[in-house]
Amino acid sequence: MIRTAIIGATGYTGFELLGLLSRHPHVTLDYVTSRADAGRPIGALYPTRQPMVLSDVEALPLDEIDLLFVALPHAAAAPFVARGLTAGCRVIDLSADFRLRDAASYRQWYGADHPAPALLAEAVYGLTEWARPALGDCRLVANPGCYPTSILLALAPLLAAGRLADATIIADSKSGTSGAGRAPKVATLFAEVSDNLTPYAIGHAHRHSAEVEQEMAALGGDAAPRGLLFSPHLLPVTRGILSTLYLPWRDALSEAALRDLYANHYTKEPFIWLLPAGETATLAHSVGTNRCTISLHPVPERGHLIIVSTLDNLLKGAAGQAVQNMNVMFGWDERAGLTA
Amino acid sequence: MIRTAIIGATGYTGFELLGLLSRHPHVTLDYVTSRADAGRPIGALYPTRQPMVLSDVEALPLDEIDLLFVALPHAAAAPFVARGLTAGCRVIDLSADFRLRDAASYRQWYGADHPAPALLAEAVYGLTEWARPALGDCRLVANPGCYPTSILLALAPLLAAGRLADATIIADSKSGTSGAGRAPKVATLFAEVSDNLTPYAIGHAHRHSAEVEQEMAALGGDAAPRGLLFSPHLLPVTRGILSTLYLPWRDALSEAALRDLYANHYTKEPFIWLLPAGETATLAHSVGTNRCTISLHPVPERGHLIIVSTLDNLLKGAAGQAVQNMNVMFGWDERAGLTA
Amino acid sequence: MIRTAIIGATGYTGFELLGLLSRHPHVTLDYVTSRADAGRPIGALYPTRQPMVLSDVEALPLDEIDLLFVALPHAAAAPFVARGLTAGCRVIDLSADFRLRDAASYRQWYGADHPAPALLAEAVYGLTEWARPALGDCRLVANPGCYPTSILLALAPLLAAGRLADATIIADSKSGTSGAGRAPKVATLFAEVSDNLTPYAIGHAHRHSAEVEQEMAALGGDAAPRGLLFSPHLLPVTRGILSTLYLPWRDALSEAALRDLYANHYTKEPFIWLLPAGETATLAHSVGTNRCTISLHPVPERGHLIIVSTLDNLLKGAAGQAVQNMNVMFGWDERAGLTA
Amino acid sequence: MIRTAIIGATGYTGFELLGLLSRHPHVTLDYVTSRADAGRPIGALYPTRQPMVLSDVEALPLDEIDLLFVALPHAAAAPFVARGLTAGCRVIDLSADFRLRDAASYRQWYGADHPAPALLAEAVYGLTEWARPALGDCRLVANPGCYPTSILLALAPLLAAGRLADATIIADSKSGTSGAGRAPKVATLFAEVSDNLTPYAIGHAHRHSAEVEQEMAALGGDAAPRGLLFSPHLLPVTRGILSTLYLPWRDALSEAALRDLYANHYTKEPFIWLLPAGETATLAHSVGTNRCTISLHPVPERGHLIIVSTLDNLLKGAAGQAVQNMNVMFGWDERAGLTA
């Protein structure tokens, strides 16, 4: 049993993580913090029988913690990541602070200097299925964004095979509102979201674009795509992301070879569900699980391949992938605590 | 054509009223105000082609206005009502400030002294179908609450006939979230309301209880009911209220006599839809219209009468009834501007 | 490990049960049947990785089965219950066929003669928390209806204490659409249910009225209530039932004594969540769990007690309670397979 | 006043049309038909006070009708279109039967020989804003599909300007469930659609692909695009279509020139709402109106233009555009009956 804590447990992601860790067979969850609600039980904020009481982050005894989860907004997270590492904790950061490897890029997309640039070099981008070798010994994991996870898992076999050189990838993504957080805003009120669909930050304006492009370059190497066109839409659902990906498909790879390529990577993966030909991924394939479901739809008569990818933004897109990364970091069965 | 203005046009009720008045055949809508958004077009706040620009309320030339609509929160509304009356406007107040006739009762339920008690005596409680004689000459209309409208219209024929003496009335009401306003709160976020149903202030705790009990007493006179048990529930819909009413039913009134009683009052009403035996009111009967739909369900083998009543909380429950009241005040066809 | 089978696994209840049993630590799920879809994998009907293939019910080797679950519509279930018992299986019937103890009552409410009246006498009404002594040795469990479970668990402490003598109980219940089954009908299409709320069979017309009244009489004995007024409403949610119960409350029981009475019965129950004063049960307290959440709301100034009760209609209201009953029947930890 | 009738008035489109025509200032709606429900009032099928009674189509006196609307499924519609024309009616067909100009294409996409190929040549494809010259004198209008209307209105200015030569257009479209009709199916049950998002017939498999490609070729002429990649998704809303369009954008047209091009075509259109730079079309911009809302999003750094287009699938995507077409056919104000 290792000892864990969550800094920032009252947002949707933090609360999901609280649930996962409190049922995990190999960890104790010793502290959960909240600045605004310190001293209150988590049951005062959510309809849960979970009895934990929120602590003030400043009172957190970091030296008692083996693994620290940070679930704060970007910029707020990095200082606590640094403190955790200094105190000897390993850290999984669920914010965006350590996803971009380059401090200049961070400044460009997040509009401020990086709060802890010295730590960028050692952070491991934790897209679990593609990051295992680096996770075992690392101190710091940058847990990927929800949209990037849905897009990158769908593209990775083609990227790694060098099949997307020079392509512009189009990702038309649709997300539930829990991804927008629990801080009240007009845009996420029921009366605004229900019966509606809202595209936002479309084109090349959403911060996750930078994250996807960085990782496409890393996975693609010399044969990396040219770039990403990314259009998120706010769906009238609470959980789930569906990304519909459009890729130019003019080369010689047959459909059979394509399916083999994906099967070779993903058939044995516990949290990737590769659908057979003729089936299409929907939110219902993934929501409530740590799975990413992927379906492949070649359209040779129009020179494109469409890939549909779905996941639960709070599980495989956030807290679930964090637990999966923990399982790899500590050498446990990767499914521990995630199969309920 | 009369000249109108709305104080507080950016909430859901105010915006609904803006739409109704801007299409009304007998009025011009000259000013709409918002303290927070003065200077901005209404199109910056809602996806509408309506071109009006919000004014600051302090700049409102009250002497140019014939009829003033006040759509502010309680306590905030009364001072502007008073200013409007002083300037010679007639006023329809959509807040709760003039619904309770008694300043002591206001203090008890709203937790503060009434801001303009001298005006209470002349305010007409604008449940249109039962208030017409008083509306013609009045200066000030207290537009009823959404829940009270749904409950009182369903009970009024029995109340007026003295058939509910000493009864305790049970009103189990369910409302869409637009009734809770557009100010962001956790409780009305999509992720909290969707897939959920939330009772609140049940029993005798909601302010609308006092309003209904006052009007039950007024309509019932010597044969008024003993009181109301009122349980509102927040529904995962944007618009609509459905009230399921339970009344003891042990007297000699036959089902035929009951239906006749309601038919005599309501068959010719343009905005009451009395359903025939065998049909049940649903939200879909009323939402998007200014109607109150009512169905009667005697259950003699269990000694009760059930009445189901539905309306659109932003129309018959707020802005629509305000326009209906205006139509009566000025002697126009009561349906003007409301039948689209 | 015991061997189990489900007859009728493709409806929402049967599929939920399939999921629970396939993850249960003490059973193997050996057969799942469907007349219409025999030979197809369950994954052809639902987005699930569960690999079981549906069998034809006629090919089911009943002599290999220890415990048979029947999840068919009423009237269709009873013949298979009889066959299972004859073959030596113990049986949990999730239909309504063995809930009413009296064949005449069955004929009145279900409009046909009972298909297997000789078995009525031995069926145990499986409201688990109140049925444990009878469950241990029984052959046949009649799993309660979803609405009755929500109503009876909320009333049982008062019934057993004789505190509801001669009362007429009012149950205003609201249910998600999964309770209406997966057979397509206009009334359960998304376009009909969304943005709507539909009361149906209100008063004393729904079959679950008879079931509740029977059990109120059984629990109440000489001090049983006079009867039930029951109004179900179809909610725009998929899962969950919330019942708002209105009880006359004119006797000498104090609020403290009331809360003690409930606490004595329920504090140690793993699947009853009794909320403290000041909190109100919502769907979110129960959906996705096998819990029934109960909150008590005395309204002495209006002579009533309100109780709010919520559960997940597919879990505590159907498949979850069936598994809970199985756990008691076989002497296992009552939470086995239900705490995920 | 002209005399009109609707063949097939009980589906969502037919019922919407019934509402529009019954409030239209220049027509009488004399007959509405339904084979399955002949003899019943429309109020037995929908919660409406509209009193019309459904007729059997065989009893329809076509010689009394000036304009016949046919709202039947494809293949069922064409024979009635032919009968209407023979009887001297003008006809607006809301089915797909006369949208494809070529009988061979119809056979390929609809899997059967065209029922009335002799009439194909004279049918006018009624995308109103681009079809006015042909509508004045025509006898037969093929009312466009809902998805094609959303896509073609968004592309038409570029197509007509020859700016999309050789491009492959990607249309990622999302639709509410009313577009799937009122015939009950598992796929459109509330419990399947809610909390879900389902892509279907993606790539080049949906019949509307053929319709869009035909009209892209017609509008584009020598500079027509190469083809369409079309991915519809079923949204958890009842009404509305949002199409996100991806166009290669490598030529010399500046953003200012692009906006001028669209403004020149659309600024004066009553039913096209062209949003200014910085705003994005959502369902809420269009649902409940006959509008198509369009926003332009150039992404020069990724070589693409994104266009977002929204409409109400039952109004501008079906019944509303049918009325708009009627208004042009008869020389009335194009907004008649459509601005409520």
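Note that the chains take the letters A, B, C and D in the order they are written out, and that residue 1 is the start of every chain.
Convention: contacts are C-beta pairs under 8 Å (C-beta built on N, C-alpha and C of every residue); 3 or more make two chains touch, one makes a residue touch a chain.
Bear in mind the structure is a predicted one, so any value in this text is a computation, not a measurement.
Quick one: point me to the chain whose Cα centre is farthest from that of subunit C.
Chain centre farthest from subunit C's centre: D.
Pick the pair from B-D, C-D or B-C whose contact list overlaps the A-D contact list by over half.
B-C
How big is the gap, in whole Å, between where the Cα atoms of subunit B centre and where those of subunit C centre?
39
Please tell me the distance, in whole Å, between the geometric centres of subunit A and subunit B computed from their C-alpha atoms.
46
Mind pulling the subunit C residues that touch 2 or more other chains?
192, 194-195, 236-238, 282, 284
For subunit C, which residues are in contact with subunit B within the complex?
Against subunit B, the touching part of subunit C is residues 168, 170, 172, 174, 192, 194-200, 202-204, 227-229, 231, 233, 235-240, 242, 244, 246, 280-284, 287, 297-299, 301-304, 306, 308.
Spell out the part of subunit A that touches subunit B in their complex, as residue ranges.
12, 176-178, 182, 184-186, 188-195, 236-238
Residue numbers of subunit C touching subunit A in their complex, please.
47, 49, 194-195, 273, 282, 284-285, 293, 340
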